[in-house]
Amino acid sequence: MAALANERVAYFNGKIVPESDVLIPFRDRGFMAGDAVFDTARTVRHRIFKLREHIDRLYSSLRYIQVDPRLSPKEMTAITEEVVARNLHLIDADDDYWVSQRISRGSDSADSKAGTGMTPTVIVECRPLPLTQRARLFRDGIDVIVPAVRRTAPDMLSPRAKTHNYLNLVMGDLEAKAADPEAWAVLLDANGNLCEGTGSNVFVVRGGTVMTPRERYVLPGISRATVIELAREIGQPCIEADIDLYDAYTADEAFLTSTSLCLCPVRSVNGRHVGVDAIPGPVTKRLMDAFARLMDFDFVAQYKRRLNG
Amino acid sequence: MAALANERVAYFNGKIVPESDVLIPFRDRGFMAGDAVFDTARTVRHRIFKLREHIDRLYSSLRYIQVDPRLSPKEMTAITEEVVARNLHLIDADDDYWVSQRISRGSDSADSKAGTGMTPTVIVECRPLPLTQRARLFRDGIDVIVPAVRRTAPDMLSPRAKTHNYLNLVMGDLEAKAADPEAWAVLLDANGNLCEGTGSNVFVVRGGTVMTPRERYVLPGISRATVIELAREIGQPCIEADIDLYDAYTADEAFLTSTSLCLCPVRSVNGRHVGVDAIPGPVTKRLMDAFARLMDFDFVAQYKRRLNG
Amino acid sequence: MAALANERVAYFNGKIVPESDVLIPFRDRGFMAGDAVFDTARTVRHRIFKLREHIDRLYSSLRYIQVDPRLSPKEMTAITEEVVARNLHLIDADDDYWVSQRISRGSDSADSKAGTGMTPTVIVECRPLPLTQRARLFRDGIDVIVPAVRRTAPDMLSPRAKTHNYLNLVMGDLEAKAADPEAWAVLLDANGNLCEGTGSNVFVVRGGTVMTPRERYVLPGISRATVIELAREIGQPCIEADIDLYDAYTADEAFLTSTSLCLCPVRSVNGRHVGVDAIPGPVTKRLMDAFARLMDFDFVAQYKRRLNG
Amino acid sequence: MAALANERVAYFNGKIVPESDVLIPFRDRGFMAGDAVFDTARTVRHRIFKLREHIDRLYSSLRYIQVDPRLSPKEMTAITEEVVARNLHLIDADDDYWVSQRISRGSDSADSKAGTGMTPTVIVECRPLPLTQRARLFRDGIDVIVPAVRRTAPDMLSPRAKTHNYLNLVMGDLEAKAADPEAWAVLLDANGNLCEGTGSNVFVVRGGTVMTPRERYVLPGISRATVIELAREIGQPCIEADIDLYDAYTADEAFLTSTSLCLCPVRSVNGRHVGVDAIPGPVTKRLMDAFARLMDFDFVAQYKRRLNG
Amino acid sequence: MAALANERVAYFNGKIVPESDVLIPFRDRGFMAGDAVFDTARTVRHRIFKLREHIDRLYSSLRYIQVDPRLSPKEMTAITEEVVARNLHLIDADDDYWVSQRISRGSDSADSKAGTGMTPTVIVECRPLPLTQRARLFRDGIDVIVPAVRRTAPDMLSPRAKTHNYLNLVMGDLEAKAADPEAWAVLLDANGNLCEGTGSNVFVVRGGTVMTPRERYVLPGISRATVIELAREIGQPCIEADIDLYDAYTADEAFLTSTSLCLCPVRSVNGRHVGVDAIPGPVTKRLMDAFARLMDFDFVAQYKRRLNG
Amino acid sequence: MAALANERVAYFNGKIVPESDVLIPFRDRGFMAGDAVFDTARTVRHRIFKLREHIDRLYSSLRYIQVDPRLSPKEMTAITEEVVARNLHLIDADDDYWVSQRISRGSDSADSKAGTGMTPTVIVECRPLPLTQRARLFRDGIDVIVPAVRRTAPDMLSPRAKTHNYLNLVMGDLEAKAADPEAWAVLLDANGNLCEGTGSNVFVVRGGTVMTPRERYVLPGISRATVIELAREIGQPCIEADIDLYDAYTADEAFLTSTSLCLCPVRSVNGRHVGVDAIPGPVTKRLMDAFARLMDFDFVAQYKRRLNG
């Protein structure tokens, strides 16, 4: 099938094809069981940011679910860069892409319970960042709701692996969106500590210290790691810790990190204003600035330009 | 695309098509997030067994993840029967089908976190039962291994909903298969009680009582419910209870139920012989016989005929 | 101080006094530590309903926190009846009262940690039922929200004792009200099962069976016990069980019980409609009718008369 | 009402009044639900020690339960100082005061579940330290008993907020006092680690390191923070850690901190002598000395002077 | 070595020998690891009570730890009876014996971690019941203390197997005895429910119902089973349930069962009187009488005769 | 009894005797209840390595179970050295000994539940290291299996005390050996983190950091402490952390430490190869080398010399 002139292309099991040709047989375990992992980087001014770190995490996820992608990290990196390159002409200079690798265990035959011996399905694809939809968050801050559903515990399925099993997080989002369609869910872990939302890590600032949940209970976000590192560089105390609703309710500031957001302030948790200062608070602001310096790119401005678009 | 002469057909979003045409866009949330539910019945002599119960459970799963399939249970039933009917000519008289409905939330647009407002993807498909591969189990009994990974807790994602999020069970299977490629995994729940394996429920017989894990922690199997009902009818005490490895190690008999197996004896748990009697034990045998009478079909003979095929 | 003509009176440490004279020294442990228990019955057509059961439960709460009220159950009963009698002239014939006994451990001296040897503070007081404010609930059903905060576990402070330590429930209400000021919170217990809200017990109806959380995790409501007993009488299966969000989301009906509501239908849980039928559903309706018959009083009509007041 | 000549005064909702006029309407949620927070500092030679830290913690507690006291921290500080000043003439030069702020959510109207929109009740009051009653503890050490009841878990009600919900701690004290009326209870948290007693933090010394439970599970005591800081200053290793009965039973030394005690040695835990050295042990002694230097006041001598009084 | 004239004999690995010759090599895993199981019956008027049930339970314990005693249940029964018979001449007519089988995995060789292939050590021995020491308990009731240490959870080592690993219970006893040397410890399980003490099961009576902890968390005592059965026979409601301190503190009666005590009333729990009636309470008394009738022996009189001995 | 010429001797309650004379009365609580503690050091070229640390830990274990050995640490040290000295002539120059102190609470009298007042049984004994049996592990690496049974939780019986209650670990070994007779079990703790195996501590290396489970959940191995210290000395980051199966499956290297092994590489966990490098990996190798340097002894060579013996 010929690709439309403005259709994105993707890598699919060895070939670059139009996205509409990336079609998964329904017996693929990625569809039947969410038996797949992925990772998602973003471009910054059309160049992929921290791709190596994302590829490393992808291969950890693969090892965790014991799938061999039959591509080396180096090959995966090259494919990823090619997919982005082939799609850059489809976005404006001020837009950017998410770019994801997705590898499923492959197609199921009749009785292979644990799915050994299959040929993995490999997709590398990109998608424009939802800059316009999320622009408001940088002006107003994110409203966080903590749902009753708890994040899957690490001894059941480690949140550190980025898999296609997202229903636990979907259940949390359904709860939060029922209360406020604009809210973002951040779940508690099995011990009642704040852990993470769909694709986002959470940080709170209290008494001059930046705190984020310990890695065991969350996806170790690349943006999260970046913030921890930047904090060290700018002399801002920053620790991994058990954080709970007391911390959130008494915080001076809070923010979420994610690949797309980089770092975005939180306005409220469960309807309560976080802190008493402006959005973003001073510590958040310093870290946002440091993040922008690191990327040599004003990601906040990129978002905010969409506010009156 | 024209179906091959011997290719099965399936229902796919409103049409009956060859299975090879049931192709899922990779942005479908069923693929990206395992954000889908399913249910699977089997045919008995080419007629679907307890389809109403399976459809009921399917609609409970749909309500749980809040997806509206835009088909009534009655329509879903009719489609399911049609799919089987259209494929019966492809199997022998002594073979039978699994038949499954699969409904995903639909395709993801850029920023719709909880996925409201999507058009669900609906598939109804069938597949021959793996009678030959599993025939041995009815002669020898199943070797069960209890992995270290625990079953997802009900306050994270209820095991009672039959979803496409199977990685927790896959992790258990990987552990069990590493120890013995022929073994079946049965996991412990968050409290350390036996709960379930991939698609199977477990029963133990101790001191004349049949026991199976409480519904809260497992998929409420239709075969499981059938056994509980049959036990009542034949005067065999049968309870839902917290069952643990002490029960398994000191059991007189044990068996698994599943849609395909109906009821199949367990030979060992973690390498220890269950009971001292023959396979199947007397209570298991009585329940197997009752099951066969209910179906008016000797399912064990159907399996065992494959032993020397 | 002279009571206002229309002021209610209450029993306070041996005397009947105007309510405005029931003033607690701030060093009373009831104020300083919530170190007090209470119980609340209601009148039905101006007569106290099931007072004996409430007095029994009060004395269990007293034993649990080891406070001796220095009044026998019989004396407490007589006082309670007197307090109601003295206040009846202040309400209309179609209104009714809550009537509560409240006993604190007494006043703290400097260093008595566990508070032995104090003189308990005893209050018996009544208050008109909020019939008008809650009338809408009988027409529309209650919107339930399940907050993230979990109910205090029984090995910390038993929910079965009705104490003045309500902050755990207050935290749940704050979460629920932030999402919807009209919603009622029903909390999960430490195991992730639904347990109770502030002063209310929850029931769900699934597959023809009425289920309510097990007593260990909730206040054993008198209305709850009444419903369990009525169900038995009218042949409606009703069990105590572990109930979770799967049950709530897939329920056919749900309702809350409390002293004031008796039994009131639930419309939604976390924004999801419960069942597909009218409010109240058929099983709820039968139990409401049976409750009214038992009281020989149409409590629903009493509420609904306020709808157009 | 005129205050007795020797009666203490207190601040009560805007006025300084005799303590006997600080009377709480029984419908105040502080009485009905323990829906209130407080904080307690002490004077050292008639001057309030670390008042700013106590006020800060008070405002964190207020934020946690979402009560606005309608007084700024500065105003609260001034009131607190005034209350002490007005009462100093009532105690001897060698005595000192506890001084507490107590803020409840206010009085309940008929149907306001979560209690928004009420006028908070504010009390600031002082009370002489029980120096005589506790003098013995500085000579003999405290006998600690660990009760079976566990401390309320942070995801139910955070122990970090200092609230009027003390029944969980009261239950622990009742257990401990039943075994030994002189003993102090120190509870285990939900994970089985030592956490805290009524108003006290616990420290153990093992292998040269001072350890105290992590903040998430306890009230972050000001004396506790002082000890941690002093340890750093004098080069004594001191960490927050998970501490359990193994640590307590094999400890070289142990001590409690509280506002009144500052720092007082523990003699035994569950009937077992802690360490083999004198009371206090050498590390405890160094920290006590450092504490006294910081306050420029020999608090131990103040206690011990009462021994033969 | 020749036995003393008045020395008891025991069975030891195939022979009847004087007790002083039953000496265990220190490398026996029973000594090195507590890697052994046992069971203990008692005589009633010199005949072993319910020996079959004890032997059954012994063989369940053996299967659980996977040790084959190389003796059939029938042989074990005969040996047990012989051991008693050979020792009867050493006790008075009004005395009785405990008789125990003890089987360890055998002696450890250098590197056999899980101890397969060893020759088990088998001991059958008896010991006079401590009738005099415990006589007081039948007059006064038992004082129960609930220690802070929790009973080993079933997913770690099942309490249902009667093993030589008693340190968890020893730790509980040490706590209880430190508070009161005469008290008996009854532990909480991992969920905070009452479970069991060293060799004893606990029952509480509340509202006319007898309740005992569920089997999963305790040794399923033969006396416990006897009481459950007797209750059924005399029409006394009796259930297995989750029982906690609320139940104990508000109970009307409580009692312990054990092989030696049969059934003995509890006077207090954590220093609180259980119920308000005499020792034993009426329900306890009826069950004690029924127990005596079943044994055709007044076991209480046997104990009480020692009171003024 | 005269010792055989080649029989080892041991210390037994005050005397040095042939090992075959170290016979434990079966009523010793060490046999009946595993009510005993021990510690085990090894010789390095016939000299005891880190004996002081082992004696210290032994006395902590004794304090934890509240047994007084009636020997000072100094006396225990001298006895230990004597026992080794008396047995050295029985092994070759290239062999070495394990040497253990074992102290039980002593012999049980009829009714002494918590066993106060007994005379402890003290044994000091040695045994040749199983160098030949384990030589292969240094060539191939250890295959680790994580069983389903969880390690006893610290609030039940602290794993930090080295006691004779090993059945929990035995149950884990039975599971692992059933899957692979050569495998070593490493258990998960109650939180699902890796903790320890029978006598071994586990380390994983990820991203350049060496991690080992936190002390609260494991026996604080002397070899474990040595590795932590050596890592510090050679500049290798090394932390105590919560480690789970995600860490194990994605580790670059892993190793076990124990008194006999010192430090031995792990080849696989649950059938999955750890890392992709040779055995041992580079970090493991550096630590092994540092360990050998510290001991001034090539322990690996000592093992490997047995490979072709």
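Labels A, B, C, D, E and F are assigned to the chains in the order they are written; within every chain, residues are numbered from 1.
Quick note on the criterion: a contact is a pair of C-beta atoms (placed from the backbone, for glycine too) under 8 Å apart; a residue touches a chain by one contact, two chains touch by 3 or more.
The structure displayed is predicted, hence computed values, not measured ones.
The set of chains in contact with chain C as well as chain E comprises B, D. The chain with its CA mean position farthest from that of chain C is F.
Remark: chain B and chain F have CA centroids separated by 45 Å (rounded to whole angstrom). Chain A and chain E have CA centres that are 57 Å apart.
Shown for chain E are the residues in touch with two or more other chains, namely 66, 148-150, 153, 155, 174, 188, 192, 245, 272.
Chains that are in contact with each other form these pairs: A-B, A-C, A-D, A-F, B-C, B-E, B-F, C-D, C-E, D-E, D-F, E-F. Listed in rising order, the residues of chain C touching chain D in the complex are 10, 12, 19-20, 22-26, 28, 30-36, 38, 65-66, 102, 104, 110-111, 113-116, 123, 125, 127-128, 130, 133-134, 148-153, 155-157, 163-168, 170-171, 173-174, 176-177, 184-185, 190, 198. On chain F, the positions that touch chain B within their shared complex are 145-150, 174-175, 178-180, 188, 192, 245, 270-272. Of all residues in chain C, only 60, 63-64, 66, 153-155, 158, 160-161, 214, 216 touch chain E in the complex they form. Of all residues in chain B, only 188, 191-193, 242, 244-246, 249-250, 272 touch chain E in the complex they form.
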